[in-house]
Every structure is written in structure tokens, then in C-alpha cells.
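Two complexes follow with chain A in common, the first pairing it with chain B and the second with chain C.
What follows is the complex of A and B.
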């Protein structure tokens, strides 16, 4: 099995892995190097001794709060998007009412609206509502569900055998009972996929939080990292600690769900 | 209540939150951005109607023209490179040797991380005096401030973080090719090189097209990477259109002009999407009823 050819394949794969991992490893090492060692030695010298001073230093720049705001924002949007997307997808998949198909096409059409284009008008709308620099401004545009999630969920709901739902209805279940006890349990994989997409997207989001918040009160991790980098350009050990904090939670999530994520990227074109 | 009326009521009740979201935060902003393109606003003062002034000034603005060209150059650098490297990686992974799954996971890592954090990481790696590359090479190269280097370097960082994602699609596309086709070609004496060009690539056309189109659409909107790596410089060489919209709106406080630019970008992206749909409708029929 280990023909010379396989060795070449492995060689190629390892080269790719090194190119992928080297920047992360170097950044991580720098984040545990003391500022004084970094300033005097080579930027690539081994941390001696490794230190967490950069991480504790970040607290002074409001990174503790930024972590909490980011987690809260992600959680609120996650719960809202999943709940409201499930409700809408079920209505589109199973209920009969006038205007249903037209509305569905309206939802689909909004898939073409890019976030880059809506940032400017959304900013004006939030300003008019007096919501600039509030937690509401961070979550409102995303919390009511996503047309993309609704589209995917609808496809899945339609594939669930109707007999299951009929049986529950005959037993006296109402729409909500059917959703909670029949539809959701048989849609677990797609729900996990959507939850992961939402967490990745929101945790990493930058442009909207950057424009709609100011100061430290509602600053998220990406904005705090960018601010630290532009302000303390030379203090790379500190900046690498910030970068690590912004990256590591998602890396952990990714490794925990890696099979699921790699599969769902291909299924959904996760973006 | 009659059954039909009740079904209608329940239907709209379930739709209500997402319908509000779609109307208020996706459709209304499109109207607002069109309206804003006819007005002048500096983020703080009153909003005044200026007719087509913004359109005239943006469409004749060399800075915006430059920004569209830079975006085009960026797309031309990023999408083909990313696809070529993705094909190479996929060709290695699709042999499904033991351990391939681990490598596939590793390659996707950068893509899961915040593009902003990735850009800050690379900013250190490429820092001219105390960065990792400078330490390895032992000499200073101004990767991000040299006008000739900046755009290729920003493109390279984008490719680095996106290759794994592209690879996943290509692996799936390659594994979907029936093995009998390859076996038959091998029997006929085709080398693996010939099989790649004559069988693998042609049979992956839908995948290649999908990856190319989504690649163009996302490259056309890259913002975080530019913001943290170069801030659009040097000499506007990396001033990609999403960054120009941001700089115009929140740097120069020219919201009306930014609205025009956003609409131009929108029209371009919709154009690309429509072309994609026309292509795919011929091959795959979606059941949307």
C-alpha cells in the first residue's frame, strides 16, 4: 500500500499542513512570549519562560467584556435565528394559506441582498431609532431569522413523512406540539448545521459591529482586536494574545464538530 | 373558526417574526440605500436632497474607478489561484489514503477563523522588522506598503484562508465521479495525468462553476482582510470596493456617495448571481413549489 506514489501524496499533504499551521503556531508562541524577550531577542525565539502576561494584560483593554459581549451577541442571534427560522420554514413547508408561495419567493429573492450593501442604510435606520451603540443594534438585523436557513429547513421539513404528523394530529396535538415533538426531533442534523453556521458567522462578524458601536461598552472581540492592533502596532505579543482569544473558541468548536462541519459545508455551501 | 381561516392565521403567526426581519432589515434597507443615493448626509447633521449629484460624482470619481479595478485584479488573483491549489489538494485527498480526513480538517481551519483575526495574525507575520518572515529571511521586505506587492500579498492571505474551503467542494466533486469511468480509462491505457484532464475536470464542471461563482461573489466583498492588513493603501492599491464603501461612509462621512457605490456593487453581484442561475437552470432543476 505504501508505494513510492503514496509517499509523494503524503509529502504534498504534509507541506500543505505545515503552510496552514505555521502561522497559527507562530502567533500562539508569540502570544506566550514576554514583551521584553520579544523586544530584545529574535521574533521567532522560543518563549523562555512561557508567560501569560500578555493575556492578563488584555484585561486592561476591555477584552474580558468584549468576550462576554461577543458570546452574548452570538447566543441571542443563534436562539432567535433558529427559533424564527424553524417557525417560518414549517409554515412554508406544511401549512396552506393565501400568499404563501409569493412570500416564499420574496424570501428567496432577499438571498441576493449582500451585507456589504445594507450596512450603510442599516446604519441610518439605527441612527434614526436612536439605537447606535446599543446591544440591540448588534443583534436586531439578524435575530429574526435568515432566509437561507428558512430555505434549507423548508426542504428538510418537506421530506418528513406526513403520516407522522397526521398520527400526532389525530392524537390531538396542535401545530406547536407537532413542531416540538415530531418535526424538530427528526431534523437534528440540519439544526446542528445551521447552529454552527450562525455561530461561526456571528462570532467572526466585524463590519457591522465596527460601524454601529463605538467605545468599549458594546465592543466585540474582532473590533477590540482591530483597535488594539492599530493602537499598539509594535506590541505584537499583546496583539497575538488578542488574536488567539478571537480565534481559539471557534477552533475548539470546529474540532469538536469537525466531521459535521466539513460535511455541512458541502451540503449547504456554508459561507 | 373554519379550518382554512385557522390555517391562514397560524401560518401568518409563524411567519410574523421572520417576515418582519425580511421586510425591515433586508428589503427596507434596499429602498433606504436607493433613497440615500439621492441625498447628502454627514452622519450627524440634517439630510438634504441633492438629486443625481452623488451618482455623477461617484461615476466620474477616479478613486472609485480605481477601487473597482483593484477589486477586479484581486478577484483575478484570488479565484484562479484558490481553485488551482484547491484542485491539487483535492487530488491528493481524494486518494483517500489513511489520515486524509485529518489533513482535510487542518486545511479548513483558517477558513473557520475570523477573517479579521487572520489578517491581524498575518500583519505580524509580514511585519517588516519584527515579523516572522523578516526573522526567517533575515532582511526587510515591505510586503504591505510596497505598491507593487500589497495587492498580491492581500490576495495571498485571502487564498491561504480560503483554499481549504474550496478543497472540500472539490473532494466531494471528485469522489462523486463513478470509479468505473476511471477504471475503464485506465484499461484503455490512460495515464493518471490524462485521466485528470480528460475525465476528472470535465466531470467536475458544475462544481468548478459553483466554486468559481461563489468565489467571485465573496472576493468582491472582502473587507476585514483589507481593513486590518493595509487599510486600503498604499496609494489605494488595495482599496477594494467594500473597503471604499466603508471609507466613504464612515471615514469621509459621505453617506450619499457610499450609497451609490453600494448600489453599483449590488448591481454587479446580482448580475453574477443571475448568470449563475441561468447556467444552473439548464443542468439541475430545483423543486421550489
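What follows is the complex of A and C.
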């Protein structure tokens, strides 16, 4: 028999689930409500009839291209971040060279610099290089790894027994072999965690793309969604259709990697 | 020769994936720049008007094959943030829309091309964008004046003749706006505001849209009371006439309950319009910028004149210009495009869909024709400007000052901060912020 305490736990979980899911449900509901019904009826009223006009209307705002640009930007940064962070973290964890630890801590110290502080210098650098409003400006500041990723990976790599690496070396493995055959396979959870963090961060990034790009050529999803609101019209039905589309890839990712996400909370201490 | 190891293939695979992704980016960013043509860009914030501009600029290019103009739409929410960084970085578009609230800083710092005025341009817009005797943009759109949209069915239910609306006045011994707004406000039990038993907590129909709304509401009240909101780059709304106007508005909301509570309207500029469209508001004071929305209303509606105040009927008017970037690499081509945009033919495209009013007077006929064709008389929006009118405020530091005054105005409209104290504190905060 279920104890009263369990009922309370379940009740708490149900309330938590409702609070979490309610905004998404409201967004989905609004996205299939016509603009005229939304303007004249209650925001919580059932769509009558449900319509996909908001989704088709997004095409006129260049939303399809924004989706492609965002996916491409996220993919490039993901591949770059994983590659360069793994190489740097391995160097900091295993390779011996003068000033290694000093360099590492100096690099890690940059974590304390808020991202907003670097926007203006980065903008000026990109403008001077003639890269403003280009794809390169979107990805260059993030593609070469991040202090957080390197710190996380270095700590994990250091926990891998050295004996494993020595055994591989005795078998004739070079550094790249050790990395590919020994280090990476035993780091799968942390790599998935990092990949998820990178994808979510880049998919949702707004400030930097807003500042460094203009026009529709390199507009990303977040900026395109903000652009749906005009001076006198909030266009909430369109905005909700856009956010529903924007959230789908993240939901798919979440469903595919739920186990790893749960584990990543344990590994990184992030919530 | 030994075979490459798996790790080498793995590294090559990663590089190949990266190269493929970057190649896709290069393909996406390919330019289709026509040979022998000067390509200019025009930046604006309105999708609907952008479509009209494309038609206008296609016609321009047909007559001037050496110049192509591309339209770049940037959302209003971030428009002036990105414009500032782009102008500072020297990478702004050749021509860009600018509003009265922001143009002063650009004009003062020499970022805009000076423009020779034309007598065919809307004088109110020319005045708005003239600073130190120089015009800094080609007038493109005007909002005309403010008028009163009414729901004919709700008026009929209350026994009000729409023709009487043109005689409405407030703040005078013959104040007729307040009693009418109260008569048109109905609670869930069908009792009208002011009647015994009226429940202000359960209102099903509002009379009027008094609210913390700069362009649609309080600037017109200040002007009609004989007060000022700003002058010479300073906020000046702490004056007795403006206090009369705000006292009247705040009482309509919090004492008479004839307008939605400020809690609903302070941060939701769409609230009153949506109430009107839902048939839950009888009178909705606004501009032509809401005409296309109101045209979708599922009930009979009309437009009446702005109510008259103690100092007469004074409406705010606003405009938008296309400014030339003084740092453009193609000044001659830019001037040719600006000349086209300021011509009757070039500007008339903007009014053809009825969404915006051309600021070139000889091009406004298309706008009137569009709405006349739909049976709508837009006369009250224009007739109100025959008398004295106010320009939408602007000037150096206006945007910062306006942000600073908002919390005080919010509290004032909520009825939590007395009007005199709110105006005094808000003006001080606004001028301090504007001066930074």
C-alpha cells in the first residue's frame, strides 16, 4: 500500500510537472490560435479552430533561413569546441611542458570575466577584421574551446589511470592513438555533457548574434524571433510558433540523451 | 608502406566534417552582386512597409540600371541598439530609417547627410527632423493625428449617437468625456459605472482607453491642456497644465473605473486594442498605426475626432525619415535613391496597401483611396492636424530619459504616487538620465 508520504511526494512531483509544462503548453496552444482569436478572446481559450497559419506565416519572415544558419553555427561551434577543448585539456592534463599549470590557471581565470564585458572588444576586433555580419564573426569567438570545457575535461582526463595509457604506449600507440583509443572512449559521459551544454548555449545565444549581424543573411533563430515583434504589434501567435519550432531540436536532444543529462548533473554539479 | 592508423582516420574525419560545415557556410553566404552595378542597402524595421519599398526600389532600378538597392529589415526591438553599433563601427547601411526619438544624436555627431527640403513634404515631419536649421532625412511616413475609434454597436446599446462624439470635451465645465466613458463602462451585472451597486472589480466592458500611452493618450491630453512634455532636449512635463491632464487620466482609471486598470496596460501596449477588438471597449483613442488592426474588427466601427481639452483639440503627430549615412561609400548614388524616395512616385508605393501614410503629400492620395475603397473615412486623423499640434518628442538623450521616467509614470497611473510628486520626480530622473 502506498504510504501518505509517497502520496505527498507524488503530489509534489505532479505540481512540479504542471508548473514546468504549463508555459510550454500555453506556447503550443497560442501557436495554433489565429491572431484575431488571440486578440479578441481569452489567452487561455481553446483554439477555434486550430490553425497552422502562424507556422506558415513564419516563412515570410525568413525563419527557414534563420533555422539553417542557427543549425550550422551550432554544428560548427560544437565540432570546434569538442575538438579544441579535448586537445587543450589533454595537453594540460598529461603533457609536460614548462609553465603548463600557470598557463592553465591563467586561462581558467578568464572564467571570471563576464561575457557581456567582452562584447565591445570582440565587436571592434571583428569590425577591424572586416568580419562584421559574416558567418565567421558568429563562430570565431566560440569555436576554439572554452575555459569551462577545458577545465571539466582536464579534471576528467587526470582521473583516467596512467597505466592504461602506458600499456597503450607499450603497444606502439602515439599520442593521437592514446587520445582516440583510450582517453575518448572512457570520457563519453563528459563529452556528451559538454556537447549538450554547447548545443543548448549556442542554439539559444542572442546577444552576440544580435550585435555582430544585421539583416537577414546571418540572422539566427533567437534574433529572428525577437524580430517578429513590430513597433505596434507584439504578434504573440507568431512568436509562439517560432519558439515552438526553436524548442523542438532541444526537446529531441533531451529525449535522446536523457540518461546522459541526468548523469551530467551529477558529473558537473549543474542544475 | 604501412596503412594509416584508425586514429589518423578519426582525426581526418573530424577535419572533413568541419570543412563540410564551413563549405556550407560559404555557400550560404555567396553574394549575387550584379556586375557594373552599385549596390546600396536600406535598413528599416517594418516588414509590411519593406515589401512596399521593394516594389518602389524595383521601379527605381528599372529607371536607373546602374544602382540596385537591397532592403534590410531589422526588428524594432533591437533596431536602435544595432544601428548605434553599426554606425559607430562604420558598417551601417547607406540609407536607414530613423525616428524622432533617436535622430538628434546622429545629426549632432555628423553621421547623417543633410537634405534639402521640398515643399511637397509633410511640414510636421520636416519640422520634427530639422535641427539647427538643417533637415536630416527624407520624410517617408507620417502617422497623421490621433482620433477616436468607436464600437458602433456598444454606442447604440447605450443610446449614444456617434455624431455626438465629435463634440466631446474634457477638463472644462462642460466635460462630456468622463460621463460618457462612465456610461459606456458596464460591470458583469449590467450596471454602468456611477450607478448604485456598480462593481469595479468585475467589469465586462470598458468605456475608454485612458492609459500610460505616450502617443495615443497622454501627449494629446497634455497638448489639449496647453502644457508641454519636452522642449529643447529637456523634459518639461512638470507643469500645471500637464498635471491637469494626468489628474484627469488617473481619475478616469482609478476613481471612475471607466478605463482598464494600469496593472493591465502599463506593460502591455496591446491590451486596450485587444479589448476593443474583442468588443469589450467602446472608445479606443489611437492613431492610424492601429487602423489595419481595427479594420479586422468583427463589428461595426467608425472614427471620430479627438476629444477637445481646456486649450482646444491638440493632437500629437509623428513621422519617419530615410536618413543618408554620411559614411556611405556611394554618396552620389545614395542621394539619387533618397531623391527617388522623396518623390511622389517613389513614396506613393508606401501607402498603396493602406498600412502606412506617405509623408510626401502628393503621394497621400493612394492611402485615402485605399481606405475610401473599404468604406472607412480616415478624415479625423488628418483634420485634427489642421489646428495646433504637437510633434512626437525627441532630442539628445530622449531614449534614456524616457526609460528613466517610466517607473514613476507606472506608479502614477496605478494611483500609488500622487500626480504632482510623480511628475516632479519623473522629470528630475528623466533629465538626469538624458544629460548623461
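Note that the second predicted complex is superposed on the first by the 245 of 271 C-alpha atoms of A that agree within 3 Å, B and C clash if a C-alpha of one lies under 4 Å from a C-alpha of the other, contacts with A are read in each partner's own complex, and residues count from 1 in each chain.
Following the convention adopted for this analysis, a residue touches a chain if its C-beta (ideal position, glycine included) is under 8 Å from a C-beta of that chain, and two chains touch if they have at least 3 such contacts.
It should be emphasised that the depicted structure is a prediction, and the values quoted were computed from it without experimental measurement.
Chain B and chain C, once both complexes are superposed via chain A, clash. When the shared chain is aligned, chain B comes close enough to touch A:6, but chain C does not.
Of the two partner chains, neither chain B nor chain C is touched by A:55. By the document's definition of touching, of the two partners only chain C reaches A:79; chain B does not. Look at A:180: by the touch rule set out above, it reaches chain C but stays clear of chain B. When chain B and chain C are set side by side, the one touching more residues of chain A is B.
Using the contact criterion defined above for the overlaid structures, shared-chain residue A:257 touches neither chain B nor chain C, since it reaches no partner.
Shared-chain residue A:20: touches chain B; no touch with chain C. By the touch criterion defined above, A:124 reaches both chain B and chain C. After overlaying the two complexes on the shared chain, residue contacts for A:215 are found with chain C alone; chain B is out of touch.
In the superposed model, A:133 lies in contact with chain C only, and not with chain B.
Under the contact criterion defined above, the residues of chain A that touch both chain B in one complex and chain C in the other are 80, 83, 123-124, 127, 210-211, 226, 229, 234. Every residue of chain C that touches chain A in the complex is listed here, in rising order: 5-8, 10-11, 14, 17-18, 21-22, 24-26, 28-29, 41, 43, 45-47, 72-78, 81-82, 85-86, 89-91, 93, 269-270, 273-274, 277-279, 289-290, 293, 296, 298. Put simply, chain B touches chain A in their complex at residues 4, 7-8, 10-12, 14-15, 17-22, 24-30, 32-33, 36, 41, 43, 88-89, 92-93, 95, 97, 99-100, 103-110, 112-118, 120-125, 127, 130-132, 134-136, 160, 164-165, 168-169, 172, 210, 214, 217-218, 221, 223-224, 227-228, 242, 245-246, 249-250, 255, 258-259, 262-263, 265-266, 269-270, 273, 288-289.
Here chain A touches chain B in the complex through residues 6, 9-10, 12-13, 16-17, 19-21, 23-24, 26-27, 30, 38, 42-44, 80, 83-85, 87-88, 90-92, 95-98, 100-101, 103-108, 110, 112-125, 127, 140-145, 147, 150, 175, 200, 203-204, 206-207, 210-211, 221-222, 225-226, 229, 234, 236, 239-240, 242-243, 246-247, 250-251, 253-255, 258, 261-262, 265-266, 269, 271, going by the rule given at the top.
Every residue of chain A that touches chain C in the complex is listed here, in rising order: 36, 39-41, 60-61, 68-69, 72, 75-76, 79-80, 83, 123-124, 127, 132-135, 174, 176-177, 179-181, 210-211, 214-218, 223, 226-234.
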